[in-house]
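Order of writing sets the chain letters: A, B, C, D, E and F. Residues in each chain are counted from 1.
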Amino acid sequence: MLAYLIAGVFFILALRGLSSPASSRRGNRFGMVGMLIAVVTTLVTHDIANLPEIGVAMLIGGAIGFIIARRIAMTAMPELVAGFHSLVGLAAVLVGWAAYLNPAAFGLLTATGISPISKIEMGLGIAIGAITFSGSVIAFAKLSGRMSGSPILLPARHVINLGTLAAIIVLTALFAMATGPDATLPYIAALTVLAFIIGFLLIIPIGGADMPVVVSMLNSYSGWAAAAMGFTLGNTAMIITGALVGSSGAILSYIMCRAMNRSFISVIAGGFGADDSGGGSGEAKEQRPYKQGSAADAAFMLEQAEKVIIIPGYGMAVAQAQHALREMADMLEEKGVEVKYAIHPVAGRMPGHMNVLLAEAQVPYENVFELEDINSEFAQADVAFIIGANDVVNPAAKTDKSSPIYGMPVFDVGNAKQVFFIKRSMGGVGYAGVDNDVFYMDQTMMLLSDAKKMVEEIVKALD
Amino acid sequence: MRIAILKERATGENRVAATPETVKKFGALGADVAVEAGAGTGAAITDEAYRDAGAELGSADAVVREADIVLGVQAPDPALLQGAKPGAWVAATFDPFGERDRVDAYAQAGLEALSMEFMPRITRAQSMDVLSSQSNLAGYKAVIASADTYGRAFPMMMTAAGTVSAAKVFVMGVGVAGLQAIATAKRLGAQVSATDVRSATKEQIQSLGAKPVFVEEVEGIEGEGSGGYATEMSAEYQKAQAELVSAHIAKQDIVITTALIPGRAAPRLISDAQIATMREGSVIYDLAVAQGGNVEGSKPDEAVEKHGVKIIGFGNTAGHLAADASALFSRNLFNFLNAFWDEEQHKPVLDEEIGDAVRLTKGGKVVNERLHDTA
Amino acid sequence: MDFISILSIFVLACFVGYYVVWSVTPALHTPLMAVTNAISSVIIVGGLIAAAEAGSDVAKWLGLAAVVLASVNIFGGFAVTERMLAMYKKKDK
Amino acid sequence: MRIAILKERATGENRVAATPETVKKFGALGADVAVEAGAGTGAAITDEAYRDAGAELGSADAVVREADIVLGVQAPDPALLQGAKPGAWVAATFDPFGERDRVDAYAQAGLEALSMEFMPRITRAQSMDVLSSQSNLAGYKAVIASADTYGRAFPMMMTAAGTVSAAKVFVMGVGVAGLQAIATAKRLGAQVSATDVRSATKEQIQSLGAKPVFVEEVEGIEGEGSGGYATEMSAEYQKAQAELVSAHIAKQDIVITTALIPGRAAPRLISDAQIATMREGSVIYDLAVAQGGNVEGSKPDEAVEKHGVKIIGFGNTAGHLAADASALFSRNLFNFLNAFWDEEQHKPVLDEEIGDAVRLTKGGKVVNERLHDTA
Amino acid sequence: MLAYLIAGVFFILALRGLSSPASSRRGNRFGMVGMLIAVVTTLVTHDIANLPEIGVAMLIGGAIGFIIARRIAMTAMPELVAGFHSLVGLAAVLVGWAAYLNPAAFGLLTATGISPISKIEMGLGIAIGAITFSGSVIAFAKLSGRMSGSPILLPARHVINLGTLAAIIVLTALFAMATGPDATLPYIAALTVLAFIIGFLLIIPIGGADMPVVVSMLNSYSGWAAAAMGFTLGNTAMIITGALVGSSGAILSYIMCRAMNRSFISVIAGGFGADDSGGGSGEAKEQRPYKQGSAADAAFMLEQAEKVIIIPGYGMAVAQAQHALREMADMLEEKGVEVKYAIHPVAGRMPGHMNVLLAEAQVPYENVFELEDINSEFAQADVAFIIGANDVVNPAAKTDKSSPIYGMPVFDVGNAKQVFFIKRSMGGVGYAGVDNDVFYMDQTMMLLSDAKKMVEEIVKALD
Amino acid sequence: MDFISILSIFVLACFVGYYVVWSVTPALHTPLMAVTNAISSVIIVGGLIAAAEAGSDVAKWLGLAAVVLASVNIFGGFAVTERMLAMYKKKDK
């Protein structure tokens, strides 16, 4: 059907739109149009039969989906996506079963019942769908805090997992070779159940830090499930879309792993990788949660900002990041962003330390402000960009009488809409050697890297 | 509440303990400020400027009469302060170890001497720390003065008439003054290396783009050292350091020394024999000269020439940038009194941590622990 | 459709998916996940067929259930993406 | 071929016209070099160093005797040169317009005076151009000396005791010296602006990161000006320039003037009234002081204080960096003689373009065109 | 045929390999394997009939191709590619005719002769092939200098072109609708001839500067021709490959136009765009030819180099490019390239001008060399990177007695294997105001842009 | 193969072509052209069929001619690409 191809093309265009924020919303619209075409085509080619029931079903589903999407807090996004995946997985299982039960409707009925190849496709679709479902449920539970985020490790889980997978494959083969409802039903039923189970088993051992990767991976699975059903039904739209979602999800997980320095293999394989878990947000001192970002995130937000205040500290000096910083500021200014430098009286290790370095990088004196002159401006700033400073932004200086820095005036970076904090590690502390609440604020994104390297990457990403 | 500011009487002292800016701020706190006529001349501040800021101008006697607090850069002779209220505070630098007699005289006069050099090195006292603010300027000035004395240019210049190579500057002692000296010399285009005994300074040297040169064989002081202070080093260390310096110094054009050990004579870092290995026309600036000097043969406020090398150093280097030095010094004093200002009593009330640290004399007695230790 | 054609389409679509993702700016990875999630509910097509055809009542009800689930996803997915993208709207300059 | 180098006799002149490096190079060309004992002292060069380089050392008389060429920084009194060969060359700076009498005396003595200041500003003569090499150092030194005189720091420093704001430096006249002054002041962290009459300098000022401040209403000299030289400006321009300066100068802490017009007195750029608008403690360095000065009241080698502003300027600023200045000057002289060295005659033979430009006297007469014009 | 799909995949992998120099040769091998698969599959599925003739044909063609490829000078690359394109175009025409003459062999024979849709595909294939052929022949002639590179503008060419195109379309339609050899032959013959003619017409008016874009566009056409034949033959390999080549060629032309600031539309439309021609290498002062490069070219060559000597001049100071330059050098050093700075005694406008700026950018003094110390090293340098210098590298100072700079020592950049020369325009001169032979050397690539911008772009491209 | 499948394959391959080119580094644009030129001679498949089948002698000879032309291209194209790429070989470090 040409229409299905067109739907597929629209889906491709939808993803393509996301290559830049400017075209992203148009991309989303393309996705909607594609879906509309697919749905309408299907209805039309099937004589718009059973429209009332179908209409009601879509209305119910649509209303629920719409309301959830509206109500949900932005912060609950990851679990929402995980939850949605589970639905796709379950739908795939249901469609698979429907096809199994009513092969004629799908044009699968040959003289000898359903052809083995169709049965393999069907079995795979159901299995992948079931894995997607149960895996997503676990991911949802972990992300929404309904289940502990820490990995749950069964003993001998490697053996169990491998065994279950093998069993699924064997069952699929038996299912394909068997003929007649009586012979096939037990196989497909067992296969479905086992697939649900393996989905649980694969995700349960994965820790909270890896969940985003898992969600993306499950996304990929849901694509493969759709593609498998597409093969069964010979439906171009489903094949294209399934392959698209499947491969893009896989690559996305890979990209995410790379950004987090995690092994892709271990995450795909789910529970198998739990041994070398940890990393990421799991290792904060005292386990306080923080958000880690990348140069691309920072570049993106900086570009969007109207006003950025840069707070350099000793770390900038150590990294000798002043030239890169100046370049970053220049690029932002070219894009119409207002950039100011806020210099704390004791930033660095000698009086005027920051001034020396900024002057070396030819930062104009007009853009350099003292604490008293700029502190009130954080409330209007979109981004506070902290580069290698620490003590001078530590709110403990105001609130915690026992802190060694109590009484020192500090920058009120908490008033800025977004805070980026460049330092090399969560472990490192400033001169005063104390922890800093700014790391853990909602609007703070930690950029953990050498300051010069990070700023250079941001400069590249800004292009 | 009356605050008195006298003209500094020490020779070569151009600084002043209050500027029109701080006079105004004290006024805003509710204090009356009296300034001796001509006190600001050395720092390019006219009497009118003080008057405009709300100060009363007069002779020393008139100014001190009934004063609650006397501010000084270098502590005045207590004889000058007879008119002040009994138990009046005198906040200034006292050089308590070097001028112990003066401290005793303050005790006898019944004055409360607050020695700004004894300000503890804690974060909240940074804005009151005159040692930091003055060393910073001294570090800068030392380089400028050396550059002016040196018979060559600091930066590298490749010109049609050939290349002028960059001066090699070596900074010994990387505290506040040393760091600023590094920064200034770097700015001028010199090739800068530096050394210290505290290991944390290595990274700090690099953070200014200079090259650290450290004793490797014997361990120095780990990290920042307690309170950022160095201590006397072991004989073994000193030997290793001397070897290092001997190897390095012959290739240097400018050496700036800033090494101090609180409460003791400055460590001797450069011997006459080492000076003899330097190129003719080289310059050594000894910032520690007032504390006995890091360099053999250096004399305060005198340019000595040995083996063709000029050795200079002022007893009071920051005082040679009198305008800025006075501005920072007087802000330190204001920050100090302001931090402890009690709205109800209309006067400052010190806390223990800082008060006990800086107070030398009270009720006729020398009360400071550090002076008891050494006395 | 013959299997080779289907397979060709599948393979090429995988390539497209591969390339498309690499060209997405990292800042939009979360919306990307939401969009791909939404479009993966193209599985609704299968549900619709099952629901529309006569032949097996069980299959029909299963199909309808699949339609409900997929619809949640379609509407929810696109709507949530729209919301996310609205946050990234370029300020007016 | 005998080349003689005398000790400079002018007061405050520490430079010397040859260094061991150039002595060696002359030797390689086949010349004998004789150096007066003690000639290098001011530039930190010992007699041994000359001897090691192959020079003969001796008294002035001994050195000059039978010399073919005498090199000097400032041309020596012809009386000193009686022992030289008749028609011997004397290559040095002659200040031909200012010291016309000396030129005539050279003519009478039958010497061939080669004035290095008259070196044409053509590309191939760049390496022989003593004006460039010395102005360059002078520009650097002017800033260093000003920084040492100024009672504040040049760079901005935000410190716990408050902010020291950056010094504002204004450079007037952006030739070689002015550019180097801009560069040096920028390095020290000052806020630098500069002005000139030649429009090409605008971009040059920016190329060093400083801000050009130019007369806009009246047109100045287009591009580089012929040979890079400025001329006397129209009265209209001068008026516009004075207004610009009046508006700008009151906000400056340091002013460095370098404006020269070849063959004339330096233009007067700053009046006493303008000085009075400057802040107390400001510093003006007049590099043109020897040519009459750009600043009203400036005196060579004297620090004048007017309206609280210090006005300084040495007659011979480069001479205060004697070691580097001597090195460059002597390389200029070597490059000059070397470029024209004739292998066969074992002596230099000048060509027309450069020879006629620098030659002041020959065969008992003043032969230079530029001197005929003004005589 | 699965094998054809596999061949297609190999071709995709071949192009993908070119995303980095490291994988590029593997990519080329993939291409060869793909071609081998396609050829072998075809032979096998056609019973290896007529093998001797086919073998001989391939041997002849292969030998010619191989020898040409070996013998050709690297500088003749563009015309070689154009020549090759013409062959593909002609081959497409021949295959189209063969299919027309022997439809049964291609499985095109239905009850009523060849189906109209097949005939449309066939017609398109022949037409595009013919256009590719004649267009490529012209491009080849222009590039190899056998024909003047300047645009040849016929009067009323817009009308002629449009008319011919319309005629081709009409003929294709008539061809599709007609039945029987007698009816169809005139149409297809006319169509072929007209297509050859329009190919000439379209390319003749295009100037030499635009030829690279034209070659890429013709490449694209040859892809479309193959795809059209693939449609006719229902051959997956041909469709995938044709579409791949067609679309990639089109995009490549687009990218090239963008880099050259030319309008894509005008070039695609061929002669239509000749009005705003010029630009590029055509406008050198005194019409001396020079090569212009991009930041990407420079980045690529710099990265490959072992030793780079940077020669900064007054232009670097004007652009304040020193910080960017330092960053570039740092990146190169990280990649193992040796970087030195060569400072001419009179570079800039004051003694030591370059030293001030390089010191500001914290270039270590050890990397900065005077003329005498480094001039002999150019012979060992892979790249001389001239940034805003001009007079100081002008060989006229050595050779031309009448030059105002005669007698000044200059850098012997001519000894370096490759020279990059950053300045803003070919018109601008240095202080001395004279032209510079270095611009026109064989190994020189001009990077015309503000120095800072150019270096920043190189830094980005180096990543 | 039905037309829709063919079209689907065609469209998807166009997308792949689009993306593939954008990911090629600009420095390799010339080799890219050479490679695409070489692989576009996949048209040889058509020539081979014509040459291999009986039925029309003219068609056979046309086919053989096409094979010759395409072969020039295949061998010449790949070989020349190989030569070009050899220039870009990363030095050993």
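Just so it is clear, a residue touches a chain if its C-beta (ideal position, glycine included) is under 8 Å from a C-beta of that chain, and two chains touch if they have at least 3 such contacts.
Worth saying up front: this structure is predicted, and the values here are computed from it rather than measured.
Participant: Through how few touching steps can chain D be joined to chain F?
Facilitator: 2
Participant: When contacts are scored as defined above, which chain pair ends up with more C-beta pairs, C-E or D-E?
Facilitator: Answer to which pair has more contacts is D-E.
Participant: Among the chains, which has its CA centre at the largest distance from chain A's?
Facilitator: Relative to chain A, the chain whose C-alpha centre sits farthest away is D.
Participant: So which chain is farthest from chain B, going by the mean of the CA atoms in each chain?
Facilitator: Comparing chain centres, F lies farthest from chain B.
Participant: Round to the nearest whole Å and give the separation of the Cα centres of chain A and chain E.
Facilitator: Chain A and chain E have C-alpha centres separated by 39 Å.
Participant: For chain A and chain D, let me know how many angstrom lie between their CA-based centres, rounded off.
Facilitator: 68
Participant: For chain E and chain F, what's the span in angstrom between their mean Cα positions?
Facilitator: Inter-chain centre distance comes to 17 Å.
Participant: Using the touch definition from the top, which residues of chain C touch two or more other chains?
Facilitator: 1, 4-6, 8-9, 11-13, 15-16, 20, 22-23
Participant: Mind pulling the chain E residues that touch 2 or more other chains?
Facilitator: 8, 12, 236, 240, 320, 345-346, 351-352, 356, 359-360, 362
Participant: Considering chain D alone, which of its residues make contact with at least two other chains?
Facilitator: Where chain D meets two or more other chains at a single residue, that happens at 126-127, 132-133, 136, 155, 157, 159-162, 164, 187, 189, 209.
Participant: How do the chains pair up in terms of touching? List each pair.
Facilitator: The list of touching pairs comes to A-B, A-C, A-D, A-E, A-F, B-D, B-E, C-E, C-F, D-E, E-F.
Participant: Which part of chain A faces chain E closely enough to touch in the complex?
Facilitator: Per the touch definition, chain A meets chain E at residues 320, 323-324, 326-327, 360-362, 456, 460, 463.
Participant: Which part of chain F faces chain C closely enough to touch in the complex?
Facilitator: Chain F reaches chain C through residues 1-2, 4-6, 8-9, 12-13, 15-16, 19-20, 22-23.
Participant: So in the complex, the part of chain D that touches chain A is made up of which residues?
Facilitator: Listed in rising order, the residues are 155-164, 166, 189, 191, 209.
Participant: Under the stated contact criterion, what part of chain E meets chain D in this complex?
Facilitator: 314, 317-318, 320, 345-346, 348-353, 356-357, 359-360, 391, 397, 404-408, 431-432
Participant: Show which residues of chain F lie in contact with chain A when the two form their complex.
Facilitator: Residues in contact with chain A: 4-5, 7-8, 11-12, 15.
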